[in-house]
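Labels run A, B, C and D following the written order; every chain starts at residue 1.
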Amino acid sequence: MLEEIGTTEQGDLVINIGPQHPSTHGVLHLVITLNGETIKKVEPHLGYIHRSIEKMCESLTYRQFIYSTSRMDYLSAHINNHGCALAVEQGLGIEIPPRARAIRVLLSELTRLASHQLWWGAMAMDVGAITPFFHAFREREMINDIMEETCGARLTMNYMVPGGVMFDLHPNFVTRTKDFLRFFRSKFNEYDELVTNNIIFQERMKGVGVLSSADAISYGCTGPVARASGVSSDIRKIAPYEGYDQLQFAEAIQSGGDCFARYLVRMQEMRESLAIIDQLIDTIPDGEFQAKTKAVLKLPKGEYYSRVETARGEFGVYIISEGATTPYRMKFRSPGFSNLSALDHMSRGSKIGDLVAIMGSLDLVIPDIDR
Amino acid sequence: MSFLIDYIRTVYKSVRSLLIGMRKTGYYFTHHKEIITQNYPENRDTLNLPERFRGEVVMTHNEANEHRCTGCTACELACPNGTIKIVTKFDITPEGKKKKALDTFVYHLELCTMCNLCIEACPTSAIKMDQAFEHSVYDRRLLTKKLNKPDSKLMEGVE
Amino acid sequence: MLSIAGIANSIHQWLNETFSSGWATLLEFVLVGILVISFFAFLGLVLVFMERKVSAYMQLRVGPNRVGYKGLAQTLADTIKLVVKEGLTPDGADKFLFNFAPFLVLIASMLLMAPIAFAKDFQIWDINIGVLYITAISSISVIGVLMAGWSSNNKYSLLGAMRSGAQIVSYELSAGLAIMTIVILAGSIRLSDIIASQENGWWIFKGHIPAIIAFVIYIIAVTAETNRAPFDLAEAESELTAGFHTEYSGMKFALFFLSEYVNIFIVCAIGATLFLGGWMPLHIGHWEGFNHIMDFIPSSLWFMGKTFFLIFLIMWFRWTFPRLRIDQLLNLEWKYLLPISLFNLLLVTFIALMGWYF
Amino acid sequence: MMSHEEIKSLILNYSPEAVCDESGPWLQVSIQSTDWLPLAEALRNHSQLQFDYLFCLTGVDWKTHLSVVYHLTSKVFGHTVVVKVKIDDRINPVVETVSNIWRTAELHEREAYDLFGIRFNSHPDLRRLFLTDEWVGWPLRKDYEDPINMIKL
C-alpha cells in the first residue's frame, strides 16, 4: 500500500482543487492525485494572491509598511501589525508606555478570539454543517463592533504605530468588552453542543491527518498545529513579548496530533484568551498610549527579528536595515506557509473528505501563505 | 456479551449527541428574537457608525467656504499608496510676497486603504475621516475626488 | 361533505356522461398528467421556500423577505431566472445522456407519485403491489444520477455519481427492510390496505418497539437515499463543489433540484402512509369526543400535515449535522442499520405471530 | 540552554572559517556557501546542539553577493542560532539544499529560488512557487526591473 502512494500511474485521477473551490477558503490551488477516493499525493500551487509585500515594503517607510501586513493574515491583522511594530521598536530602542502594552495585548487577544471563532464556523462548514458558521459570526460581529469603535475599522485596523497605538481606547471599550465576555461565555457551551460533542463531527476528525511531533517540528509547523502534536510552540510562553510573562494563562497542548486535537487546542485557546482579557480588562494602566517618536523613523544599521503568536502560529518579522528610512530587506515568516508544507504528508492515504477536514483544521489563510 | 453492551452504548451515545445538537437548532428555529440579521438598507436612517469609523478622507470646510489645508504635502508623503496628490500654486500675499498655497487636493478613493496615516500626519487638522461607506459607483473615474471645494480659501491664521 | 374524492368522482362521472368511455379515460389520463406536473412545480416552489426559511431561522437569519409578500415569491423569481438562463453542455460531454439524465431522474420521481393516497379514496393508481412498486421505482433515479455524473466528462461529477451509486444501493436495503416491518404487521403490500389497517391506531403506536425502530431506520435510510445532508456526499459542496450536477446549468440543473425536493416529498409521504396512518386522523382509544373532533379535519390535511412534519424533520437534520465520510456512510449502513433492521424484522415477525401488537 | 560561547566553539569545530557575531539577541554565524552542508548536518545532529526547527529562511540580495539566512532553534534545548550563508556568484548562485534535514525548507527554498534565483542543489522539486514557470527574472533582487508590472510611487 505504502509503496504505491506517491507515484502517479495510469488509472490515477488527478484533480485540481481550486483555485476556485468552496473549501480552500481563498485562491489556493491543490493538485491531488487520487486512487479512487484515496489520496496519493497533494501538491500545492501557490501565487494566485501573491502581491510581494516584501518587495513593496522595501519602498515604504517604517510607519507606512505596517498597514500592508494587515493584508497578509487578514483574520489576525492586529497581531501581524503587532509583530511589525515590535520589530521597529526593537530597532529604535523605544520603551512602550504600560497603557499601550495593555491595549495591544487586549486587542491581540480579541483578534485571536475573533479569528478562532471564524475558524470554528469554517471548520464546521468544511465538514458539512452550515449552521455553526452563522452562530460563530454572531459572536465575531460583537468583537468587530468593539474593534470598529476603538480602532475605526473592522478587519484591517492599522491600529498599531511604532511606539504604541494610534488612538486611546474608546470610553465604551471596557463595558462593551465585558458585555461581550459575558455573552460569549453564556454561548460557549453551544459550540460544544452543536459541534464538539457531535458524533459525526468526532468521527470525521478523530485519527484524521495525524502529524507526529517530530514531523511537526521538521515541517516547521507552529501554533495550534504544532501544539496539537505535543510541541510547545507558543511564542507568548517561550519568548514572551509585551508583558505576556506577567499574565496567567496556560499553553493549550494536546498529544493526539490529529484534526480533533487541533480542534481542541483552538477551543482551549479561546478559553485562555478569555482568561487573559479578564485579567487585563479591569487593570488597564493610565497614562500615555503612545511613546514619543520622531516624525521620520530611521532604524540603525543592523538586523531585527521579532516573533509574535498569531492565531495561526508564529509570525516573524525580519528587518535588515541599512540605516535608511526604508528597510533594505523585509522578510515575513508567515505561519500558514510552513503549516501548509505539512499538508501533503498529513493527507496521504486518506479520503477526499479528510483532505477538506485537514485543510480546515490547519486554518489556512491564503494571503498569509502567498504574501 | 460486553461487545453487545459496548455496541448499544455507542448507539445510545451517538444518538444522544445528535439529539442535543437538534435541540439547539430547534431552539433557534422557534425563538425568533435571537435573529441577528439587520435589514439593510431599510435601517439606513437608524444606522449609527462609530465616530472613529474610517470611510473616506474629507476636507473640512467652514461656512465661509474656508479650509485649513496649507498644501504642505505631509499627507502625500505619509500615504503608502500614493492616494493623495497635492497640486500647489503661488498666491500673492497682501505684502506682495509669493506664498505657496493649495490649488487642488486630489484624492484617489480607489487606491485608499483607510489606514489613517494622512490624518495623523496632517499638522493643521485640515482633513479627517468621514463615516460614509457606500462608495460603489459605475465609473471608476468618479472615485478620483477633488477634496477642496471650488473657490475655497485657506482659513485665517492657519500656518 | 365536500371532499377531494367527491370532486374527483363527479369529474369522472361528468366525463363518462359526456364522452364515450375510451375518450373519457384518455381525457382522465391527460388531466392526471397535467395535475401531477403542476403539483410537481408547486411542490418545488413550496419546499424550496420552506427549506430556505427553516435554514434561515435555525441560522439566526430572516431568510428571503424581499420578493413578494414576506418573500413568498422568491422561489418563483428564482425559477424564472433558471428558465431564462442558458443551459450549457460541456464540450467533451456525451450530449444525449447529458441532456437525458435530468429527465430520467424527474420521471422516476413522477412515477413514484402514482400509488400515494393523498386523501381518503383519492389515489392515482391503487396497485395491489404498491410497496413493491415503490421500492422498485425508487432505485431508477440512481441511474439518472450515474448518467449525469459520467456523461458530464468531469472528475468531480464522476466521483459524486460513484458515491451516489454506492450510497443508494446500500441504503435501499435498510429502507426496504423497514418497510417490510409494516408489511408484516399490516399483512398486505397494497397501500390502501395498509392505510385501512391503521384505522384504530397508527402503526408507530400499535407496533410499538419494532415499529419505532423501523421508523427511525426508515427516516435515516431515506435521508441517505434522497442525497440529503448529512448524507449528501454525491453533491458535497465543500469536497466536490456540486458533485454529479457540477456541469449542469439553467433548466437542466433546475430539474435535478426539483426532483431532489419532490423525492423528499415522496419518501416522506410514503413514511407518513406506512407509519403515521396516511390520511387517517389521529384516534385515541376510547376518547369518543376527541376522535369525533379529529374526524372533522379533512383527510387531505391530515396527510399533508404528517408529510410536512417528516419533511421538516429531514430539513432539521440537514441544518444541524456535519456530513459523513464515504467509508463512514457505508459503515453506518452495513455495521449498524442493516443488522439492526434484520434483527428488527425478526422481532416484528415474532410479535406479529404472537399477536402482541395492539 | 547553552551560552553563545559554547555554541560558537562547537560551530567553529565544524567550520573554522565561520565568522561569529554576538551583538544581537541571537548568535549570528556567517559562512561561505561551500561550508554550509556539513555545518547544517552538524547543527541538526550534534547531541548538544540539536537544532531541529528551522523557523525562517530568508534570501537577501546584497548587490555584490547573495546570502541565505537560516534561523534555527532547538526545541529540545531552546537555543537559537542565525546562520548566514554567503553566495559570491551572483550570476549562477548555488547552495546545497537542507530540505532533507529540515522538511520545511522544501517550500522555503522554492520561495527563495523563485524570488532570488538561488539554486538549491539536489532539491527534490525546485520550481517556481509563486510566479508562473515562464517568468523571466528574479523579482526580489535589487536590480530587477519590470517596466510593465512595477508601480513606482
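Basically, a contact is a pair of C-beta atoms (placed from the backbone, for glycine too) under 8 Å apart; a residue touches a chain by one contact, two chains touch by 3 or more.
Values in this document were obtained by computation on a predicted structure and should not be read as measured data.
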| item | value |
| --- | --- |
| Chain D and chain B - chains in contact with each | A |
| Shared interface partners, meaning chains that touch chain A and chain C | B |
| Pair with more cross-chain C-beta pairs in contact, given A-B and A-D | A-D |
| Identity of the chain that, by mean CA position, is farthest from chain D | C |
| Rounded Å distance between chain A and chain D, as computed from the means of their C-alpha atoms | 25 |
| Averaged-CA centre spacing for the pair chain D and chain C, given as whole angstrom | 63 |
| Centre distance in Å when chain B and chain C are each reduced to the mean of their C-alpha atoms | 51 |
| Junction residues of chain D - those touching two or more other chains | 153 |
| Multi-partner residues of chain B (each touching 2 or more other chains) | 18, 21, 24-25, 36 |
| Two or more partner chains touched - positions in chain C | 58-61, 319-321 |
| Sites on chain C touched by chain A in the complex | 55, 58-61, 155-156, 159, 163, 229-230, 232-233, 236-241, 319-328 |
| Touching residues (chain side chain C, partner chain B) in the complex | 54, 57-62, 65, 316-317, 319-321, 336 |
| Chain A residues touching chain D - in the complex, by the definition given at the top | 46-47, 50, 52, 54-55, 59, 215, 217-222, 231-233, 238, 302-303, 305, 314, 316, 318, 320, 329, 331, 333, 337-338, 340-342, 345, 370 |
| Sites on chain B touched by chain A in the complex | 13-14, 17-18, 20-21, 23-25, 36, 49-50, 52-54, 78-80, 113-117, 120, 129 |
| Chain B-touching residues of chain A, taken from the complex the two chains share | 60, 63-65, 67-68, 131, 137-138, 141, 148-153, 156, 158, 161, 166-167, 170, 190, 193-195, 197-200 |
